[in-house]
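Just so it is clear, A, B, C and D label the chains in written order, and each chain counts residues from 1 on its own.
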């Protein structure tokens, strides 16, 4: 009991990161529990005649002394659009903490984190808190054009940053799986983590599997409840259908039927 | 064609008149048509998960040079509550002008206008524009307590003001039909107009009928469309069911089956 | 340029957008806002043989994403319509379709014979599905036997396009659709309203004078869409889809599920311009997706 | 102090608020939020004889004030439940009611016999109304004959409180309710989900892997409320009402219309605390209106 909560947070920041992504920070009046990279929150979209259910978002930043959580919201449809219209001072009702996080790497391991679209959020969170020496941590971010990349300068101190864009306007041209760090020697990594569009994660998983490297992906299946009671968000695994919201959203690729 | 419109207005003022009534003024970028006392507007309540249909409100003030309309909103339930939360600059979508207005008195007639609750709005509008000499115009407003009365000082210049409150805290104690101006000699008036709670209008109508004085009331039946197509707002009359939205909202009491 | 024209039997309509009966009066009120000749068709208010006062007030209650109504077919009867309304509206330049209602098979016949004479009314919509009248109405629409009887009787006397409007308050709507098709209906329209109820918890009374009434609006859209899909897969005659259509996207969903044309009902109460906006939205969708004609959308859902 | 206790046949429940089957797992997940012993009952996830994988993803689509689901009774089967889940939840301190599902009458019987042995399960809810499975499921629930057959067979072997959950996808739900009452059901619960459909207009595909699925949430409340009212007026056994209940006011509306107890389903997805809030809200309503016991609300609607 009390492991999960439904709480009102106050919006203390909401700013555009680029044309379609927003940074939203909310504050609780209560002490936050321990929150892990890969976990998510389920947000009530207030005052919308079109949105009925909550919308899930990965935790991007946590400040346990300020009791704040930040998320990155990409405007996709009705709910995300409405959410990015919140104003500082607005109340935001959140169910949290949800899901299980990534396997934290050991301090001597070399890891590759791959983020695409709003999937950068959990990757950045993981790179910040996993406590690896920066030389062991490689962060590869993919987007369509340079404009779609959110500013991640701050994360330089946690590891090596690499970019791909489909039009070549930032970093290497192509998809993340075409980046030199990915194509050169995948076996050089002890662990690979990925979050982003399904197609991207599947491409990463295929190569990781071939190279026999540990790889975890974070899925974004459509959800109704977010707490494991409705069985709507399922993903087929070798152990049968699993709930992305409560058994995941992080899965080892060897478990998935990809 | 083009007699009625669906238009976006901009909210330019929203202030509390007392604990439950708000004054909301909206501005159009287009020239307003002629708007008569007794007519109403049908307002879309934006961003509410609970409100589906529009809500009708009597026109309270019109400024044809500024192209503004003002209404008085009493907080009753979900829609009116939400509407009073609009902020200056918000867009407010309005269907107008709806319904038929009051019969305008002739310049030598003596009239009595009776308003209760949010029913004061059309009465004040009528007293302002009917063009009678102030000594011929009597405005009687009823409420539960003094606090429920909105400030109408401005209307002193259009006629004589009288008040009743149920607790006697302002004007005479009791209902409007117990006020001395009403009980003394109803036949002294050429025309009586009333808008307010059903019970009040029925009480007024009863006495007016007994005294055989011309009397119009403005009804507030529940509406779905506001434009005469759904037949939900009907009121039985001697000529069969009539639509309050398109045949009214103003009815001569002799037509009603009260 | 995309082609918006569609056909319901022999009836040519300039675009697939109609207003639903009982939600657009006799089109006169919409003319206060815009020229209805831009619409595919206007379904006129439900008409009966004799004058009907309808049900007592209150007749409506708002619900989540919808509303209940208990109008009960208030209208002045067919003779009044023919003398006083038809002359005013007959040249509106859009297809006018009369929604006809009876309490007995004989009434339906008598009514239909009168409508036969009206030159500018090229189709009728047989309402066998109104939940708001005690006699007749939905009773015919909820059994195959009842639906067949009315359809057959009317088909025998009515020469122009015969659309039968189906009730959704049934176990198997495809069955009813097949029955009326077999009796010669040229088209079916669905759905009418769902029988529902609303209660005032504080006052502990029903919100409608009739206790129960008909539910319409976006709330019912998923069920209406499923029924259109089932009926489309069960009959060969064109299907007219409705129930909660608020915008062009909704309309397109109904067409993909099998509708040849659609009707906009309750949405008119929110915005009288909705039908016009839906026409525009369908046109834009066709252009965007490089589809040359609206009729190609019918049943174009991809599955399996 | 108001009395919240109500009785469903011999089953005493501490308050009229239950969670709906399939929307509250096996109660374990709710325990992460609060102590479920504060609820009247928890309806456990729909269980079948053998393991069922359910339907493919995607299984849900949001709709206006509601959602469609196509879960298809995914569960590990009754034996797994008895060995692995029952021991963990049996002392949760609330009435645990198992929702049982079969594809054949024999399956229902075999399943029920196993549940008979579970000491802390004092009632079953017979689901003859699931729209999301191909065999059995709703097929039993949409005809009186089918409903009677299952109810009779289960009644013969089941000794404790037998609740039959009715499908709303029927022409006359009161008829089905009377049939199961005649076969010995101790109570009926209604409604299950309405068969609906959602389409992605841009991609021109159905939003559910199964094309159609079950509609739940506030959208269906007016229809559910009407059905509860009809069934309450048709049978003598207690009625359990559900369908779109989001708060105490909704719950009270169902009780006024005839429900002895109510279930909260989809609302749990929006806020897992909803059932608890409804308990509190009913208590406050009774106090405010000086009503001494929750059971007095049942059928207390004033009309005519």
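Please note the rule applied: contacts are C-beta pairs under 8 Å (C-beta built on N, C-alpha and C of every residue); 3 or more make two chains touch, one makes a residue touch a chain.
Keep in mind that this is a model prediction, so the values were computed, not measured.
Each chain gets one centre point, the mean of its Cα atoms, and the points for chain C and chain D are 34 Å apart. Centroids of chain B and chain C (each the mean of its C-alpha atoms) stand 36 Å apart.
Centre to centre, using the average C-alpha position, chain A and chain C are separated by 47 Å. Residues of chain D in contact with at least two other chains: 63-66, 217.
Residue positions of chain B touching 2 or more other chains: 49, 51-52.
Taken pairwise by the contact criterion, the protein chains form one closed cycle in which every chain touches exactly two others. Chains touching one another form the pairs A-B, A-D, B-C, C-D. Residue ranges of chain C in contact with chain D, taken from their complex: 63-66, 68, 142-143, 169-172, 194-199, 201, 204-206, 211-212, 215, 217-223, 225-226, 229, 244, 249, 252-253, 256-257, 285, 300-303.
Of all the residues in chain B, the ones that touch chain A in their complex are 47-49, 51-52. Note for the complex: chain C touches chain B at residues 22-25, 29-35, 53-54, 57-60, 62-67, 69, 71, 74, 217, 266, 268-273.
Every residue of chain B that touches chain C in the complex is listed here, in rising order: 1-6, 44, 50-54, 93, 95, 221-236, 240-241, 246.
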